[in-house]
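Letters A, B, C and D name the chains as they come in the text, with residue numbers starting at 1 for each one.
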Amino acid sequence: MADFKPNEMMTIAAARALKNDDVCFVGIGQPSAACNLARLTHAPNITLIYESGTLATKPNILPLSIGDGELCETAITTVSVPEMFRYWLQGGRIKVGFLGGAQIDKYANLNTTVVGPYDKPKVRLPGGGGAPEIATSCGEIFIIMAQGKRSFVDKLDFVTSIGHVSGGDSRAKLGVKTKGPTKLITDLALFEPDPNTKEMTVVSIHSGVTREQIQENSGWPVKFAVKVAETPPPTQRELDVLRELHARTNRAHAEAA
Amino acid sequence: MARISPLAEAIKSAVRDGDTVALEGFTHLIPHAAGHEIIRQGRKGLTLIRMTPDLIYDQLIGMGCVSKLVFSWGGNPGVGSLHRLRDAIENGWPHKLELEEHSHAAMANAYEAGAAGLPCAIFRGYIGGDLPKVNSKIKRVTCPFTGEELAAIPAHRPDVAVIHAQRADKAGNVMIEGVLGVQKEAVLASKRSVVTVEEIVDELPERSLNAVVLPYWTVGHVVEVPGGAFPSYAQGYYPRNNNFYKEWDAISRERDSFLSWMKENVLAKGPEVFARYGRKHRVAAE
Amino acid sequence: MARISPLAEAIKSAVRDGDTVALEGFTHLIPHAAGHEIIRQGRKGLTLIRMTPDLIYDQLIGMGCVSKLVFSWGGNPGVGSLHRLRDAIENGWPHKLELEEHSHAAMANAYEAGAAGLPCAIFRGYIGGDLPKVNSKIKRVTCPFTGEELAAIPAHRPDVAVIHAQRADKAGNVMIEGVLGVQKEAVLASKRSVVTVEEIVDELPERSLNAVVLPYWTVGHVVEVPGGAFPSYAQGYYPRNNNFYKEWDAISRERDSFLSWMKENVLAKGPEVFARYGRKHRVAAE
Amino acid sequence: MADFKPNEMMTIAAARALKNDDVCFVGIGQPSAACNLARLTHAPNITLIYESGTLATKPNILPLSIGDGELCETAITTVSVPEMFRYWLQGGRIKVGFLGGAQIDKYANLNTTVVGPYDKPKVRLPGGGGAPEIATSCGEIFIIMAQGKRSFVDKLDFVTSIGHVSGGDSRAKLGVKTKGPTKLITDLALFEPDPNTKEMTVVSIHSGVTREQIQENSGWPVKFAVKVAETPPPTQRELDVLRELHARTNRAHAEAA
């Protein structure tokens, strides 16, 4: 078995969740790495859309920002940002939206706004960006976040974008017709919402990780599914493609300086 | 009506203390040179609007030009925090900064409505989250046909829009290619505008029949500032300098290092320093 | 998801009796060949939407396919009346035609809202005139910030959009250049779509970074019908045949001459007759 | 004095009303001829916009339709029709809008919808098209119409687009901030609104035309201004340019067939 880092497992597990005919709204960082890894391995025709307006882009290196020239040059076309949010996101043309955040709760609501009170924050975070409407307009949401007690919290300081709200049918009761978070991929495990309570529940534990580790890195009593699988470890090919993608990216960014 | 001007004159004429100003750019074509000129001219009490305030807004805030920020995502993309923005919000340095915080969808719709001459925009958004609790500008409108409640926000109508573009012709027609962001909408929504460009050419080059062009009678000052988007980029001219974005993290982390960098690189310089970044990187049509 | 199909199969699969159908085209790229196929297949009870119903709608109405028309300007541009449309409204021939009449601004906004997934559009319009008295779909919404009363209309959400474009690639990505009309919006607003094109190419040619492209996963049937817009035009391929528009006035004036022309030129023919108009007139980028 | 037709005088008088820095929303037919005549004579930099989306177009021949390829090829760019009506017309970026109609009343309200009742029309006309919002969104409106008792009527069968409504401040009371019809150019005379009543009033009579002719061809008692000018007859150059434009147009349309 190849040697791998938890972070690599997280990216690879997220990539595996994507299908060849998916249309994805891609965020910068982990989501971008996962989506492009999928495209470079099992999902060559996956459609990647970045909120800067680039449609069906096929970057050779990972962008640092959401609107790097590489994304535009390899896209089928680039639309304005108002069009992106009106025709493409709100128009219901995105199947999978990727989100992350500084804090998540057990219903996969996310906070990317503040730690502490809004008016007197302890840490001011960047803010919602596209997330509030990505969370409700995409067909379903995948969340990628490394686990830890400061990020997996019992109560969010601020709800930037909703997941399953307070569980059960509370999301649907707000008039939202999309599925919301269907997968939460961490560095330790894969969570999916319980069909009834909608609480994010561990369905697969990454190779070499224990239940105790998952609990220690969560701020609430974690639920485990009746049948919990073991996430297959990264294949050599997955690791090679991911590492080469990162190496290529680093070389390109260094050259451009 | 377009007027070709030097940068200092354009900013002096278009941007006044207390104005609402949108220096737009979605990663691409961010008007850094024009922002520096606003800092050099010491504008105060500005309300700045932007979807993605980044380095140039960090600089304007840290230099004390800004009293209010209207935004949806304030960070250093792919790097981390904007330390001057955080210092203003968390510690009130150099002074208190009022926030009006939105989502991207709201901001994009607000510019679109401004360009369209409407008082407000409606969209399907802000469902369930906390932003409407901290932003009184977010209201609801009921669709008279379906009964659906939609989010409503006021249109953006800045006093001034400041953007950077690839090129203008001598009449002042401005052409933009690549990642378009909300720049066209920002200019059309604003009372006045300053457009810096990589080059002013005799005539716009051969272009698509549907090229993105702001005709001369819709823009104000047009200023040739080669390299004027650096460290952002100008598609067809030069790439994004990702390393500078990373370096900014260290420069801006402490007040002292920030102030000395600004003194040396902005206050003591003019827009001509951008020219060395403005070399032609590749041809536009490639 | 795009599927490359023959025209008869595409229309059979996408357009059903009683459907709401938008065959769009603003002078340019009007889908005449597709309209003829709908007539040949004998569709009934259609609600047709279009800003500028012209010859192909005159033909569909005269052949009895249409029970309702949603429109803003129904004439033969630069020539005069649409005689079949008038005969239907004034004399109920071949049967009664229900009208839902709008302004261009309303229709364009209704398509835009449909593409944007909204239930309605708001705009500044319909002030003082009589159209709101005869169209119950025109309502008012009050801006929650300024108190201004704006016009509100339901979004267009057709069952099917039918458009013509210059080219598609083999995956079904469709590229449009020139006078764009509301075709992109019509396709994005519709449940299903049929896109006829001048040619299907291996890959889309070199194009502007901001070219107007409908990606393959947003379109339904893609059909190669060279000349399929005639007597309308396809920028880069062949010009508008203004003479045919003038000739149509005489052909369509009487029921008999209309019916015999339709029999000879539509019912007895197939889409292949359009190919002789589809010659390349000039290159696209010129 | 050159020999000319009333129709030519009408087009030429309309062209003269346009200035070099005007931005005009141009309709097909007489307005298009007048605007292009202005461009080819005293107003070479006039900005012409057709509702098909063509911005700052400079056609060499007159288009038959609002979206002929000639308009697109000679434009600075062409935008979509939703953008045209949202950003350009409603956005307040058009100074002069041109309208015509089948019927006009003394306050320059227009009917292009029906003759007779709406539900049982005697003549069904094409409809409003862009007119309802052109009439209220453009800075001011110029109307070109040949006079006659059937078109210059006391009461419209249908108000497709408003002019000065019922006169006085009735237009402003509807919340409309634009000027409305400031000129009505006919084959016989030039009308402008009375500053107070807003009734369209003859301010200039075309060369060779009598007050009686104007009255005979109007369905209401026509008001004449205190000082009525005589419209200068067409110059030879105006006639030459107009006739050559029409001849070029006819040749091009015949060739294309």
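In the analysis below, a contact is a pair of C-beta atoms (placed from the backbone, for glycine too) under 8 Å apart; a residue touches a chain by one contact, two chains touch by 3 or more.
Just so it is clear, the model here is predicted, and its values are computed rather than measured.
Peer 1: Using the touch rule from the top, work out which pair, C-D or A-C, shares more C-beta pairs.
Peer 2: By number of C-beta pairs in contact, C-D is the larger.
Peer 1: Chain A to chain D: how many Å between their CA centres?
Peer 2: Chain centroid spacing, chain A to chain D, equals 57 Å.
Peer 1: Measure off the straight-line distance from the CA centroid of chain A to the CA centroid of chain C, and report it in whole Å.
Peer 2: Here chain A and chain C have centroids separated by 40 Å.
Peer 1: For chain C versus chain D, what separation do you get between their C-alpha means, in angstrom?
Peer 2: Here the centre of chain D sits 28 Å away from the centre of chain C.
Peer 1: Would you pick out the residues of chain D that each touch at least 2 other chains?
Peer 2: 72-73, 78-79, 86, 90, 137
Peer 1: Quick check on chain C: which residues sit in contact with 2+ other chains?
Peer 2: Chain C, residues with two or more chain partners: 112, 116-118, 123-124, 148, 178, 180, 185, 207, 209-212, 235.
Peer 1: Among line, ring, star, complete and other, which best matches the way these chains touch?
Peer 2: other
Peer 1: Can you name the residues of chain D that touch chain B in the complex?
Peer 2: Against chain B, the touching part of chain D is residues 21, 23, 47, 55-56, 72-73, 75-79, 86-87, 90-93, 137.
Peer 1: Which residues, counting only chain A, touch chain B once they are in their complex?
Peer 2: Listed in rising order, the residues are 28-29, 51-54, 63-69, 71-73, 78-82, 84-86, 89-90, 113, 118-119, 121-133, 135-137, 158-162, 165, 171, 174-176, 253-254, 256-257.
Peer 1: Quick check: in the complex, which residue numbers of chain C touch chain A?
Peer 2: 1, 112, 115-118, 173, 185, 188, 204, 207, 209-213, 215, 217-218
Peer 1: Considering the complex alone, what residue numbers of chain B touch chain C?
Peer 2: Listed in rising order, the residues of chain B that touch chain C are 116-120, 122-124, 137, 139-141, 143-146, 148, 150, 152, 154, 177-178, 180, 206-212, 235, 285.
Peer 1: Across the complex, what residues on chain B touch chain A?
Peer 2: Touch list, chain B to chain A: 26-28, 51-52, 71-75, 77-79, 81-82, 85-86, 89-90, 101-105, 108-109, 111-112, 123-131, 134, 148-149, 178-182, 184-185, 233, 235, 239-245, 286.
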